[in-house]
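Got some structures for you, see below.
Next, two complexes with subunit A in common: one pairs it with subunit B, the other with subunit C.
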Partner chain A sequence: MALRDIKPTRSELINLKRKIRLSERGYKILKMKRDGLILEFFKVLTEAKDTRGDLLDKYAKAVETMALANTVEGAIGVKSAAFSVAEIPEIKLKSKNIMGVIVPEIESSKVKKSLVDRGYGVLGTSTVIDETATAFEELVEAIIESAEIETTMKRLLDEIESTKRRVNALEFKVIPELTEAQDFIKMRLDEMEREELFRLKKIKARSAA
Partner chain B sequence: MEIAVIGNSEFILGFRLAGIQKTYAADSDEKLSEHINKVLQDVNVGILVLNSKDMERIPRRLRATLEESVRPTVIAIGGEEGGLSMRERIKRSVGVDLWK
Partner chain C sequence: MPAITGGPGPYIYVCTRMRVRKAKLIQKDEYQRMLNMSLPEITRIIGETAYKQEIDELATSFKGIDLIEVALSWNLAKEYQKILEITPGTLKQFTRSYLRRWDIQNVLTILRGKTQGIKHGKIKEILIPAGSLGRAMLDKLIAEDSVDRIIEALRGERMYPVLAAKIGEAKEIGSFSKMENELYRQFYADVIAEAKSGIKGGELYLSFIRLDIDVMNIKTLFRLRADTFEEDPHEMFIAGGVLTVNDFVRLNVIKDHGEFIDALRMKVKQKTLVSFLDELKEKKKVHDIEMSLTRVQLDQMERMSKLHPFSVHPILVYLEKKKYEVFNLRALARGKESKLASERISEHLVM
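For the complex of A and B:
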């Protein structure tokens, strides 16, 4: 709002005062929201770091056992075992609310299966296959866990960014402009009052003469 | 909901052993993008697992969509990629490098 667009009237001043009060209240609330979100974010951050590390470890282990299985059983042996696994790990997405941010909560049916449930014949395959399957089942569990946490992080970060933008816009743009306009109107009103007073005096002096 | 895995045939084989059915073999770049697009359309997929080496090969635009995507959540494993993109985001939103 440029200064020249403002009409220096009393009603405009009252409107401006109301607007300033509103923006200041909004500013305070948004600032609290931002701080709250950052606090939540810190909570998730440590967790996310842990699960990331865990995930990498499990992946390394899984790849290692896979290579072993490939050498012992041959690629075709592993493949045939893999194709006979019937049970699918199911995941359920629920949502949770952190300070107005909708965050997923992933629940999974059990990924780990016992030897018999896996679907391939126990006799026909060697223990390396079992080990590989276990390693990958663990990996999948880690993936599910870190998927939940990483999505939470992404959502929180987005919300923090937009809240921060809003807070800054209010603090450095909206509120200063409004106060500037308010000061301008006050000054003009005072000036008009002084002019009026002077005019009255002038008239009085002329009529007395 | 299910988990989907895209990668070279060796990568996905292990996940098949863990019982995941939606595994897509992608050995060429075009196949990779094609499968990813298909999985993104699939409402039944909750988590998409990628190899971080493949993640680097995806066109920039698609990669950006993947990084922003919440449903399905995309996770790249092997290497530090997931950490790196997360690090960028944290730097942008919080203003401080808090990752490690």
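For the complex of A and C:
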């Protein structure tokens, strides 16, 4: 805000004082929001580390059981069993609000299936197919859980960044500029008052003479 | 080669040939050596043995481990067809009926592949024409437009009545699992009926089938229990063995492992199965139990083949052992490709 553009009037001073009060209030609230978001982020971060670790373990287990299934049944047997899976898991996407940030809530169904719901007959397959199917069902569930938590984390991070920028803008630019303008106007008004006083004295002195 | 007709002479000839072929199969010490080899060495050995012809034929269409696996499967199918050609009289009939289980596997693969919209070539890759449905018939089935037309093309085959009866329900629930279970149940019912029909040698064939059924039912029980399956398991029970359907249902709901083993032991008469169950007091992984049951079954088949050297037993023993040779070579190749430890691969070999 260039000082030469400011009109040094009382009404302008009153406006500026109002703006400063509003900016300081907004600054306090945004700081609280930023701190609250950071706390929520650290909660989610702990959960995300656990789910990511769990996901990696389940992936390793799924890869291992698939290798065993290929070893025992051959790729032919595994592919033949895989053809039998017809039902696709259902995903329901909802949203929830964490301190004003909209984050996803994912509900899945028909991921984990029982022995008879997988589509292959028990009498024509072996248990290694069951183990592989179970391992991949657990992996899919872990992926869904991870997707929810990691998306939440990302959105919280984005919001924290945005709030931090606004807090910094208020703290280092907006409020100081407004304060500077306020001081300038006060100084000019005082100066104008002194000039007016001196002029009046002079006029009085001349009329007395 | 002159046609082999019935009578004791041809039976002795065929059974002797089966024993010779069985002796040429890969032995345990060779598998132990192969476990310590690298994948290229194993594939080289496979390529230099009885599987060379199939590997050469398929080398333009497949490569790597897929080539090995498909070549092994083709060789198995060819060998089975050769055995059917040279087997005489009632032995041929029993052998053919036993190999019909491969037809079930192939037809189900085609039905599922069609339902999922899988390309014809991809479906064809995973078929093993080791049953009564030859390659030409399987190609014809794959070329049909719909599941209904595939089933219609099988009119006259043994499995047609079950397919026609169950396809409606399968389409409704979106799964062929019930139909698959029913196909295998009907397969065993047909095989038992054939064995009991008064054909010469039927009693011996029946003893093999009963052993097979008992082993299947026990494997199924362990699998259902591992899944904590609490619904009605009737559909997964195969009649004709030592267990009745009520035994099967009752055994499935026993919660305690020790109690389950004791109850099963009371029902099973077969000595080798009883001693096997004695070792299961301590809980083991279901897959280990399955593998052990398979080995027990093969050992018992070997004993039956020695007790009845000129019957269907030597043929069935050879068919099973040839199947497991292919199984083992495939397991070695896939296991090495997946970088599994040799000890891990060894656990899954049937030696």
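Heads up, the rule we're going with is that the second predicted complex is superposed on the first by the 208 of 209 C-alpha atoms of A that agree within 3 Å, B and C clash if a C-alpha of one lies under 4 Å from a C-alpha of the other, contacts with A are read in each partner's own complex, and residues count from 1 in each chain.
Going forward, contacts are C-beta pairs under 8 Å (C-beta built on N, C-alpha and C of every residue); 3 or more make two chains touch, one makes a residue touch a chain.
In this text, all values refer to a predicted model and were calculated from it rather than measured experimentally.
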| query | Clash or fit: subunit B and subunit C on subunit A? | reply | fit
| subunit B versus subunit C as contact partner of A:83, first or second or both or neither | both
| For A:127, is the partner it touches subunit B (first), subunit C (second), both, or none of the two (neither)? | second
| query | Just subunit B (first), just subunit C (second), both, or neither: which does A:187 touch? | reply | neither
| field | Partner chain(s) touched by A:197 [first = subunit B, second = subunit C, both, neither] | value | neither
| field | Touching partner for A:104 - first (subunit B), second (subunit C), both, neither | value | first
| task | Give the angle at the C-alpha centre of subunit A formed by the C-alpha centres of subunit B and subunit C in the superposed arrangement, rounded to the nearest 10 degrees. | result | 30
| query | Who does A:71 touch here: subunit B (first), subunit C (second), both, or neither? | reply | second
| Which of the two partners, first being subunit B and second being subunit C, lies in contact with A:14: first, second, both, or neither? | neither
| task | Please work out whether A:39 is in contact with subunit B alone, subunit C alone, both, or neither, and reply first, second, both or neither. | result | neither
| said: Under the stated touch criterion, which partner chain does A:29 make contact with: subunit B (first), subunit C (second), both, or neither? | reply: neither
| field | Residue contacts with subunit A in the superposition, subunit B compared against subunit C | value | B
| remark: In whole Å, subunit B and subunit C in the superposition are separated at their closest C-alpha atoms by 9
| Touching both subunit C and subunit B, counted on subunit A across the two superposed complexes | 70, 79, 83, 86-87, 118
| said: Could you list, by residue number, the parts of subunit B that touch subunit A in their complex? | reply: 1-3, 10, 13-21, 46-47, 49, 68, 70-71, 73, 75, 77-78, 82-83, 86, 89-90, 92-94, 98-100
| In the complex of these two chains, what residues of subunit A are touching subunit B? | 38, 41, 45, 48-49, 52, 55-56, 59, 62-63, 66, 70, 78-79, 81-83, 85-93, 104, 106, 111, 113, 118, 129, 132-133, 135-137, 139-140, 143-144, 146-148, 150-151, 153-155, 157-158, 160-161, 164
| task | Over in the complex, which subunit A residues touch subunit C? Could you list them? | result | 67-68, 70-72, 74-76, 79-80, 83-84, 86-87, 114-124, 126-128, 130-131
| note | In the complex, the residues of subunit C that touch subunit A are 65-66, 69-70, 73, 104-105, 108-109, 112-113, 115-116, 118, 125-126, 128, 174-181, 183-185, 216, 219-220, 222-224, 226-227, 229, 231, 235-236, 238, 286-287, 290, 327, 330-331, 334-335, 337-340, 344-345, 348
